[in-house]
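Order as written gives the chain letters A, B, C, D, E and F; numbering starts at 1 within each chain.
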Amino acid sequence: MSVSQPDPLLPVLRDDELSERAAAVFADIRATRNTDFVNNIWRVLANDPPLLEQTWAEVKGVLGADGELDVLTKQLIYIAVSVAQGCNYCIRSHTAAARNLGLTDAQFAELHAVIGVAAKTNRLVQGLQVPIDDAFL
Amino acid sequence: MSVSQPDPLLPVLRDDELSERAAAVFADIRATRNTDFVNNIWRVLANDPPLLEQTWAEVKGVLGADGELDVLTKQLIYIAVSVAQGCNYCIRSHTAAARNLGLTDAQFAELHAVIGVAAKTNRLVQGLQVPIDDAFL
Amino acid sequence: MSVSQPDPLLPVLRDDELSERAAAVFADIRATRNTDFVNNIWRVLANDPPLLEQTWAEVKGVLGADGELDVLTKQLIYIAVSVAQGCNYCIRSHTAAARNLGLTDAQFAELHAVIGVAAKTNRLVQGLQVPIDDAFL
Amino acid sequence: MSVSQPDPLLPVLRDDELSERAAAVFADIRATRNTDFVNNIWRVLANDPPLLEQTWAEVKGVLGADGELDVLTKQLIYIAVSVAQGCNYCIRSHTAAARNLGLTDAQFAELHAVIGVAAKTNRLVQGLQVPIDDAFL
Amino acid sequence: MSVSQPDPLLPVLRDDELSERAAAVFADIRATRNTDFVNNIWRVLANDPPLLEQTWAEVKGVLGADGELDVLTKQLIYIAVSVAQGCNYCIRSHTAAARNLGLTDAQFAELHAVIGVAAKTNRLVQGLQVPIDDAFL
Amino acid sequence: MSVSQPDPLLPVLRDDELSERAAAVFADIRATRNTDFVNNIWRVLANDPPLLEQTWAEVKGVLGADGELDVLTKQLIYIAVSVAQGCNYCIRSHTAAARNLGLTDAQFAELHAVIGVAAKTNRLVQGLQVPIDDAFL
């Protein structure tokens, strides 16, 4: 579905508008992901090549391969943070990433059941000012 | 470590102060978790037995057993939400639960590396008002 | 219960340390609330008399008397925001205010049941990216 | 006003796509609310019938009738949480519910005046690290 | 770019719909900013003249002129809060204001690099429950 | 003031417990800041040397020197995010950093006046669902 959206606050750069440093990052994104598609966050960050380089290095390093946690688990954690912080772009782009890694509808629904119960109990604990048990200190 | 903390806003009920409905929930918590220890959130919610019953049923149903996602993954998702929402009690109690399920120091550190990169890129996307790619709509 | 707490980032001014402008605000706080007690938020804001004046005028104007909503309802709304934003001082000081207005334990528990269900369903809606019904637009 | 919106991340189920369990919940929603209209949150949750059942039971139980607090007060608390957490769907759907319960424009404006002053003073307290008064502990 | 948006929850008042009190505030907005343009937040708040007056007085007083901090720095702080709280309208309107004050693309990108590193390290500190150093207490 | 605090969730490493990689980062922190003091966030991150290296490089790169914005302005932006996200450690440590850069009490108070008005107007805009003016799109 195509939806009319407001312009970003820095331009979404096309490939032919990239600086040399930004173009090098784009080449690595494409090689790493094995696709020609480069999504908008990178095209906006390309306006500031050092920020683009640093952010891509971090995303690739943390999310790019199985580590102590497998890549799908890491995408679910990323989505949970994005829901709690209200970032629609992040929810959509990382749900797409998780889908590509095999996330099923049933797993996706359970992810949100967990997020929902966490959101609820977080607020009960904060609102009632529950003291931390000695066992957890 | 024992740390002096403020009183909660409803009393932390001892076992001998429970209503019959609350006592029944506590019995189920103990049987389900196979331990006599009942942590403070339940002792505070026990002041409102229907809220206690409903909340325990939800926590047990969503987090209590492997489902579409395994129990450790679900605890990591819970922790991620709690960090993003700033609930110290929730971070500590569910980190303890995850530790009991075998979470290692290295996995725990990687969990936070993921939360950190999510928190950062969330704010870049929101602040620069990056439009959602058609591919994600 | 007295609990050791870190120092604030501006001093908590005693009555004998107030500027004339701050002292005038304190006199109005005491007259309005019919008590000699002035809590710490005002003693910290007193370091910046215009901010103190403006904030007290706003709190008094919005929360100080029944308006379109009664004062207890307004305190409950205030508490709900403070829980959702994680401000412990605000939760405690406005729960005390609501108690003074007659809030019962049972009402207080229900307040949190509402906050909890709101927190949960908020996250479900955001995470699943539910479109707004035409009926609500 | 009809506005083009992105697709949700699980399908918005039509009545003829519901499982038997989901259809039973929809029947109860319709009977409880005395209207044929079922809004999108339920149509998305219907993809996971247990989550639908549990969430509807909770919403109906907490918000569905006067309890310790009247239903309009509870809707105002719900809206306050939704504003503080940034859930547009929730703000709109529960404002519609509150309007049906008789919320006036003047009450609605005052609700937001309270939310605004709470949001401001929350941040002042947190930023200045105001210690909690002994009287509130 | 013109984008279709949902209606606000109170009407966006035209100049010929203003009460006398609201019209006086609009006249001051126009005189202060030296432009005929009055943006939507004021047109919505105009439904509640006291809230309009109080909010405009505060915005004008805090953001309207160099004080201890210069006006551009204050707009950057405002934007940082708005990103962290997820207010799109606020991000856009105050980015426009900062642009009018001379904010460059390079400064704007660095603003977001700071916001991003703050968002990330905030979550690391909270998630790992780092104790505050004695030096900072 | 020394205050008893709960233990962190990973150990606060002493200098004699550091890995070689972590020790190298500490040496750079000390050289960069021209002090022997290394605060707790780095001692906790030292449990994961790659996360420590990456985070320090980012903090040093973004906050360590004047760039498009001067270092004090960047610390104020950092504090604003930390207040909005509720990170006490971050508020305290970066307020200390800003104090070292010459932040006065009057500037500090004005910083919070800006944060307060931003927090308030953010919530008014979100709660009333104010549409973005065409001029800002």
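The rule is simple: contacts are C-beta pairs under 8 Å (C-beta built on N, C-alpha and C of every residue); 3 or more make two chains touch, one makes a residue touch a chain.
Heads up on the chains, UniProt names are A, B, C, D, E, F = Alkylhydroperoxidase AhpD family core domain.
Because the structure is a prediction, the values reported are computed rather than measured.
Note on connectivity: the fewest steps through touching chains from chain B to chain F is 1.
Touching chain E and chain F together: A, B, C, D.
Counting C-beta pairs in contact across C-F and across D-F gives the higher total for D-F. Chain D and chain E touch with mostly distinct residues; of the residue numbers seen at this interface, under half occur in both copies. Rounded to whole angstrom units, the spacing between the C-alpha centres of chain A and chain C is 34. Once the centre of each chain is set as its mean CA position, chain A and chain E turn out to be 26 Å apart. One inter-chain figure worth recording: chain A and chain F are separated by 22 Å, centre to centre, where each centre is the mean of the chain's CA atoms.
With touch defined as above, residues shared between interfaces to two or more other chains in chain F number as follows: 1, 3-7, 9-10, 51, 55, 58, 81, 83-88, 91-92, 106, 109-113, 115-124, 126-129, 132, 137. Taken as a graph of touching chains, this assembly is complete, with every chain in contact with every other.
The touching residues of chain D, when paired with chain F in their complex, are 79, 83-84, 86, 88, 91-92, 111-112, 115-124, 126-129.
The touching residues of chain B, counted against chain C in their complex, run 4-7, 9-10, 47-48, 51, 55, 81, 85-87.
By the touch criterion given at the top, residues 1, 3-4, 86, 91-92, 95, 105-106, 108-110, 112-113, 116, 123 of chain E touch chain A in their complex. Across the complex, chain F is touched by residues 1-3, 5-10, 12, 37, 39-41, 44-45, 51, 55, 58-59, 62-63, 67-69, 73-74, 76-78, 80-90, 92-93, 95-96, 104, 106-107, 109-111, 113-137 of chain E. Interface of chain D with chain B (complex): residues 6-7, 50, 54, 57-58, 61, 132, 137.
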